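Labels run A, B, C and D following the written order; every chain starts at residue 1.
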Amino acid sequence: MTTGRGKIPVAILGATGVVGQRFLKRLADHPFFEIAYLAASDRSAGKKYKDACLWHLGGEPFAGYGDMVVSACSPDSAPAPLAFSALDADVAVSIEAAYAKSGAFVFSNASAYRMEEDVPLLIPEINSDHLGILERQQARRGWKGAIVANPNCTTVMLVSPLAPLDRIFGIEAVMATSMQAISGAGYPGVSAMDIQGNVIPHIKKEEPKVESEPLKILGRLLGTGVSASFASSHFPVSATCTRVPVIEGHTIAVSVKLKGNPSVEDVVAAMKSFEPDTAGLGLPSAPERFLAVSDQADRPQPRKDVEIDGGMRITVGRVRPCPILGIKFIALGHNTERGAAGASVLNAELAYVKGALALAQEEYERRTA
Amino acid sequence: MTTGRGKIPVAILGATGVVGQRFLKRLADHPFFEIAYLAASDRSAGKKYKDACLWHLGGEPFAGYGDMVVSACSPDSAPAPLAFSALDADVAVSIEAAYAKSGAFVFSNASAYRMEEDVPLLIPEINSDHLGILERQQARRGWKGAIVANPNCTTVMLVSPLAPLDRIFGIEAVMATSMQAISGAGYPGVSAMDIQGNVIPHIKKEEPKVESEPLKILGRLLGTGVSASFASSHFPVSATCTRVPVIEGHTIAVSVKLKGNPSVEDVVAAMKSFEPDTAGLGLPSAPERFLAVSDQADRPQPRKDVEIDGGMRITVGRVRPCPILGIKFIALGHNTERGAAGASVLNAELAYVKGALALAQEEYERRTA
Amino acid sequence: MTTGRGKIPVAILGATGVVGQRFLKRLADHPFFEIAYLAASDRSAGKKYKDACLWHLGGEPFAGYGDMVVSACSPDSAPAPLAFSALDADVAVSIEAAYAKSGAFVFSNASAYRMEEDVPLLIPEINSDHLGILERQQARRGWKGAIVANPNCTTVMLVSPLAPLDRIFGIEAVMATSMQAISGAGYPGVSAMDIQGNVIPHIKKEEPKVESEPLKILGRLLGTGVSASFASSHFPVSATCTRVPVIEGHTIAVSVKLKGNPSVEDVVAAMKSFEPDTAGLGLPSAPERFLAVSDQADRPQPRKDVEIDGGMRITVGRVRPCPILGIKFIALGHNTERGAAGASVLNAELAYVKGALALAQEEYERRTA
Amino acid sequence: MTTGRGKIPVAILGATGVVGQRFLKRLADHPFFEIAYLAASDRSAGKKYKDACLWHLGGEPFAGYGDMVVSACSPDSAPAPLAFSALDADVAVSIEAAYAKSGAFVFSNASAYRMEEDVPLLIPEINSDHLGILERQQARRGWKGAIVANPNCTTVMLVSPLAPLDRIFGIEAVMATSMQAISGAGYPGVSAMDIQGNVIPHIKKEEPKVESEPLKILGRLLGTGVSASFASSHFPVSATCTRVPVIEGHTIAVSVKLKGNPSVEDVVAAMKSFEPDTAGLGLPSAPERFLAVSDQADRPQPRKDVEIDGGMRITVGRVRPCPILGIKFIALGHNTERGAAGASVLNAELAYVKGALALAQEEYERRTA
């Protein structure tokens, strides 16, 4: 499936952080992509990667890239036809735009462009057709490249089990209480003095994302080419986001109101029979199973279930009646993989297989010839 | 306020467990009551208290009762006009009845009698008038004594902030997701292998209690004397109960639908101005403040807020609009104090001050004269 | 390297516990061995494995053996030429002997036979020649099979870095303070009420094992055949064993007095250049690197370093001068792999490659023919 | 015992941090001292205290001083005859000297002056006579005020149980492995990503302090007045300092070589009968019991034992033979009270009662009259 030209060179933007390190690990031996640049803030640029950050993950330290010199975060310093962004939202705004303008495709975990009307908020298994907005994005902004966003880490775990329910029954309301892992706050992130043996019932700026992003993801793409646009879904989402002393894995208690008030059995069947858009595409980061429904009374649990399928599986459990909204259940997923680095890489794999990256690569090769 | 007869002798049933130890600590130097018996299972009876259990609490080991010999759990072995029960529900059924039959008043943390139609499910600040059912209980069962129950530890934290809202606005629906402390499972209770760095999204038999008990507590007492009866409230409660790695303190994310859709300001005002039934009664275990509303963005937090007011305060925070039910907030309280031992002791203090215990004491003195 | 006869059938004794499950995971797809029986206490025997225990590990639940029916722990109920024992010491005494008598080779994680004069206490990388005691064991006890023990989980992490130092310099004294993981206490094992946010500075019966086992492991095998015997090493070991809130991985602070007071550099060189006895044998469970020395100032750390090399690597760090004994360092290893299941399996692999299991297998085939 | 002049006004230097907050809590209602200034870095100066920091402790938020405006850390901005310093060592050097020069007495938790030859490293129960060096300090440095240091938080827990052993038997060598709480690193201090479910086997710059400070503390004061000097003790101390996921309380595994190799019974008797120098002085922060010896097999434990006696008690357990050095035991104490804020306050109370503060106060009153 690789092109005759070999692997596409990529830049990792924000390579030193918790999500950036996940990008390295996923891309270190990827069949489509090849790490060409590790880019980070000016504080890190110029240092060897191993001197610029503390390696948080298991396996080979620095994914074998310890001696690579860190670049500054710009298409001049780290030119590549493909960039993965683990940048903070505030700096992502201009840096990601600069890359897209330069002709690169940016697969971004930042929130900066997620809700823009011409940027796909992509979960390949659910709304792969939303990639169709890119032509409009390029036309509207005058970019040769493009930005593709993945959702907030909590949104992914919430919307994944909702997708089959929306497709089959239609959603009328969603109530969600999350118990989120500390890795979601990055590094050093949460002080141990705050979270040890504790619950922090608030995560800054999180609830508005969880309440708005699902409507875009579950919305429809209308029109084609430069006339494409999104028609957002319309139902209320009410979120409470809390932090708990868990390393990896966001757990969400969800109640949902569905049209026609389907039974628990029907809901479970809908989830189990969901056919992801990615079926048969052979995407390297796609999980063997996208959405699993556990029948154990006390699962899913983050420490025990989160690593399965390379952290790319969503596990649902305790599907049961809700006396108010009709159905309730628990959803779990790996926040820095399914909800961050893995999500972006899967997005890029989808774009690659759909042919969307070919032009970027050609343009890049012409420039660098 | 103590009687001329001195303190009332009490038996602690289930004295060796996590809640039993809290009873000891609260009663070791109580102005109304005096520990006369520490009763526990046959495995412990006959041993010195310090040899029968591991002391889990701070302060003086065994609350100074280390050398008291543990009695069996029966009114013959541990006769007292007043008993505090930290028994498991299955054994509580017969033991508590035997005490009540013997003429004793039982203040019980067990779930065995909570939902019985003639047993008060008491939170003194909220439904102190429910004590009025006792005459009917005694008449109906032929008991000289009586059983008074306190609610499940999660119910208390949920229903306390709801009480002023029900009184002022009227409740139409309640959705609750709890994050419960490990102490709620007793000792040894939860294995560290299960809960460390984890969330367990299920607590056996917990959700049905949280979904039913509030309706009785917020219900009305109709009639008087032997004709008294409860008129339960009617609104749906939907609960998801989870366990998190916290030692003490249940945190609950609550959404509530109120009649007339009051504003956040009105709701906060209702909570802040709530006058507990216990005001002015001088109950020794009553908190200085029953219901506090925090205005810090990330409070209440169990490890930081739970011990205030001897663990008897309920703290609410993050009162804000819910796009589905109207209002949402966070509630927190100390599960083994406000939700267990402290709750039972406060119930007994109310009964004492209301004069309900005088007959039991007289009867006891006559028998033991 | 497998025999013409195919894989050797094995029984796992104590298959339902924390270590038993590790055995399943390691043996589920082993090139030499094949799981034939899962044996456990009478309480579990007759049930399907998935109904007999809670699966604690990641990956495929029950390692794919969920539907195998659990056998009783005896050579009649679970006959196999090879048994892996995760039994408690008190029941291991008779059950392991019964297996050995029946002709089976038992690779045991139990402490029951560890210090017996005719039982090898084996770490294949260190004292592989101790297998030479088996002929004496069989002659002395009239067994056709044999018992091979692996050391206590803390002993392994302590003695592994000591072995090269003893070989090159000679040891005169060892002081060790361990910080041990909760998995070492099995399941349910340690109550979360005891260990959360805490240190328990005592582990029952642990220190005597850590103080005595190294002397046997580092001792010499004298003589051959039925006249073989062990000459124990002679130096004092002083151990303090504590429990800390870590899931997997025992960390040990070690001080050691060596003959000739070698420098830190010499000690590091000795560790790094240590050639394990297993080099070149192709044992499937042998780590790529037996003993690693980290040069990072704050490593090794259990949560970050313990899983490397399938949990079979020992990592040492902070080698530095000790003003009292001469050298001090930190050692870390995976207690339920390197210190338990993985240790036993590696022992069996060594015995297999050395040909020691061939007779057991033949005898078994003759019996079952 | 208060002077006719009323309480002495004090400044708290570094008032916003973990230790600074402990100072506030201890001094908010102190019989000798009165908080006059909360001083902190320029970043905080000018803000209200409640806006300058997050309050980490229980009880009344900000100890009631939330509205006090924070001063800069200098004797001009925060003039007081008495200062408590929770400053970092690097800034403490000049700021503490400026205070001492201005005539103030500084009771410091910083390491800056601890090992200076003319600064007492004080534990009032052990070496109260070391205050006698102050006249020399003032003469040598030309200060009207003075600096009194308390030891490193780990040193205190180590040296307290050693003091009676040194007095009665004489110490020849000490080996210590600490398991230290995260609060010792301040706030935000340790990242939860680093310490959750983990052990960090290194604490920067800690071991040299633990290896040197005990020798000064247990040394003798020679001479008097301006000719006074310290004669340090001479024995090797070997320390390994680790961080564990505990909120408060440093646990230390100690082995000690004593002259004459006394028995365990003799050692326990020496600890139990130790008469602290503070006996009978009525110091408000002195614990009811300075040094307790537990006879429970698994105590002391930080989460369960550390708060006793206001955090000012040292608890020892597991006194037993060490096959290498003779005696080993476990010691525990509260690192931010006994090892920091409480230590400094107790030092000041001793100085107050000994009359050492009277001149400072008079000088201050003259200046400010």
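Here, a residue touches a chain if its C-beta (ideal position, glycine included) is under 8 Å from a C-beta of that chain, and two chains touch if they have at least 3 such contacts.
Quick caveat: nothing in here was measured; it's all calculated off a predicted structure.
Chain pair with the larger contact count among B-C and C-D is C-D, by C-beta pairs in contact. Ranked by separation of Cα centres from chain C, the top chain is B. One simple way to say how far apart two chains are is to compare their mean CA positions; for chain B and chain C this gives 49 Å.
Computed centre separation for the pair chain A/chain C is 42 angstrom, with centres defined by C-alpha atoms. Chain C and chain D have CA centres that are 45 Å apart.
Across the assembly, chain B contributes residues 56, 196-197, 245, 247, 303-304 that each touch 2 or more other chains. Residues of chain B that touch chain C in their complex: 18, 56, 182-183, 187-197, 245, 247. Those residues of chain A whose C-beta lies close enough to touch chain C in the complex are 56, 58-59, 196-197, 247, 303-304, 307-308.
Only residues 173-175, 177, 179, 196-202, 204, 211, 236-238, 240, 242, 244-247, 251, 253, 255, 297-304, 317-318, 322-325, 328, 330 of chain C touch chain D when the two sit together in their complex.
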